[in-house]
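Just so it is clear, A, B, C and D label the chains in written order, and each chain counts residues from 1 on its own.
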């Protein structure tokens, strides 16, 4: 019986590294697998990348309006893989709920394991649709934490625009020139939020 | 540093029993605590109840439009408790997101531990607002599972009206005369869903 | 594929209540199961008991020198159960390593789920043979914690003889007239240990 | 309050990668930390290495007969670090129980977090002393799994000598020319064990 596993955490908590490590395990065992990310994630191009210096091409870049279960089964057929050990999904927070439900069916009806990673919360502390769906339907939920500036566990995400913390705006703003993200502990995130909302 | 813990599971997975067991531990240690549930939950009256045959009065019944952080602090003051070991929250799926955020502040700013239990998904497999907020903000997430009719782990909730599985309707329908709920494994839930939606 | 699950914790952390709750779930589903405890545990007689006020007869009381895999299969045969949903094992710390290995084979070769509970450490902070074996071979390890006198999580066990903490002696001394146990947090346990060893 | 965290798993499950990822997080935050491994582990020299292609020098190589709590505090003093974010311990299975207890005191009395990784079982399915001590005293236990040749989760370790599975011998035999290890699921490990013991 295949399982749906969701690894959640703040920015820079090593989530993609978990996928790359799993990919490496399947490679060593010569068991085929596929990887996927949402077309919403424009960062890094067609790669799964980890800050620690490892990357790997991604097999499927999924627009938000396709049936990803069908897309995966099609790709298995196309590549004549027969079956796969797992589907690895990066940046799963960007998937609409319908696509996560399609992956749930892929796990439970087609018996294909899904290992997905995603941000738990956006910069306002609100849920991402894709992550909520995975946390709601997943068999196993695992947390990755990183280190806050104060040394505590970082579980929240703060958005910086030109170096200033901001707590209002669009849910999705891919980090780049002006926009950056920082993992913070709840206490520091609430502190910066209070300061920012007070100005 | 207090923690926000969320125990999630399907119907009849022993979630309230976890709260009653924690209450018992605090009682034995003579450490004060408070319990709360949402006014939305009309079942069982002002009690936390477990199918195994244990129950306990609930201290605070919270309408959805009050600030629950203030309400808890007020109750601590009123009862001259000084401080409490934990706030125990039953049926947390019924809390609006704002109230869960208020409890998050209670944990992180007032250093009061919160232990909440709730259903992970509704009968359509969709997230409850309160549970999503707890899964998004909680420090520790723990799963309780129960047994499906087939012997596997039950993680999904099915709604029965007059003994028939239904997969459309209002999110909240408290179980009573005509309405019942049953924990099912994902496979059996998808099976009953397909049968029901086909008719 | 059946699983071996081990629930560990300090004294009075609600471990047996987990077994009683699981038993209740199987009863409601009318799925047969068996329960077992070691003959080393002379407390409570042929019952699984919880401080919260629930108890249930235990099906198999196992001397340390029998093959428990064979014993369980024999009992299934004897009672004409065909198969069981799970074997529930209380006070698993008292099982010798060989018996835990036999249960591991019961899970993996006979496809029978085992759910066991036990103390993680003895009063000196040393491992129990049975718990170590379960932690070494188990598929899922889950912790139950209780409340220390200071309000923190209790993970260690302290032994009291006539009300005084003691940190030397036999590993097994069933609580009764003179002997009592108390769950403490690591800090308080280390404190009492230092005071006791200093005298 | 610092925590003792133990990450356990079979060979090649990405345990050291977890340490390297944590080290990377501390580096990015410019929070000092120290790393340690046992002198028993002669593989890889004074490095923490991951099969995925990352490595990092190890700060302390500990003989089994020193007090590692004192050694760490001395190193903090020597390097004038003031305090550290964490002590990272690789190949923790090789530490004697006394050293793990010293690290427990380092966490609980000196408030220094310890993150250790180790093999859960030896090739005979028996516990390693160091891992048992960490599983017994740790605040958080996390599992890393890898992939069995059959695609299932690998949790057991098999030893191969010149390509043949062996199930008797010394507990410690560092992999090298003739000796290799392979992570297997319980079912496959029991199968190879039965075949090997039958010959």
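Note that contacts are C-beta pairs under 8 Å (C-beta built on N, C-alpha and C of every residue); 3 or more make two chains touch, one makes a residue touch a chain.
Everything numeric here is computed off the predicted structure, so don't read it as measured data.
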item	value
Each chain counted as touching subunit A and subunit B at once	none
Label of the chain whose CA centroid is most distant from the centroid of subunit B	D
Mean-CA-position distance for subunit C and subunit B (Å)	28
Cα-centroid distance, subunit A relative to subunit C, in whole angstrom	38
Numbers and ranges of subunit A residues touching at least 2 other chains	1
Category of the chain touch graph - line, ring, star, complete, other	ring
Subunit B-touching residues of subunit A, taken from the complex the two chains share	1, 97, 101, 104-105, 107-109, 120-121, 125-127, 131-133, 135-137, 139, 141, 143, 152, 155, 186-187, 190
Footprint of subunit A on subunit D - complex, ascending	12-14, 17-18, 20-22, 24-26, 28-29, 31, 51-54, 85, 146-149, 151
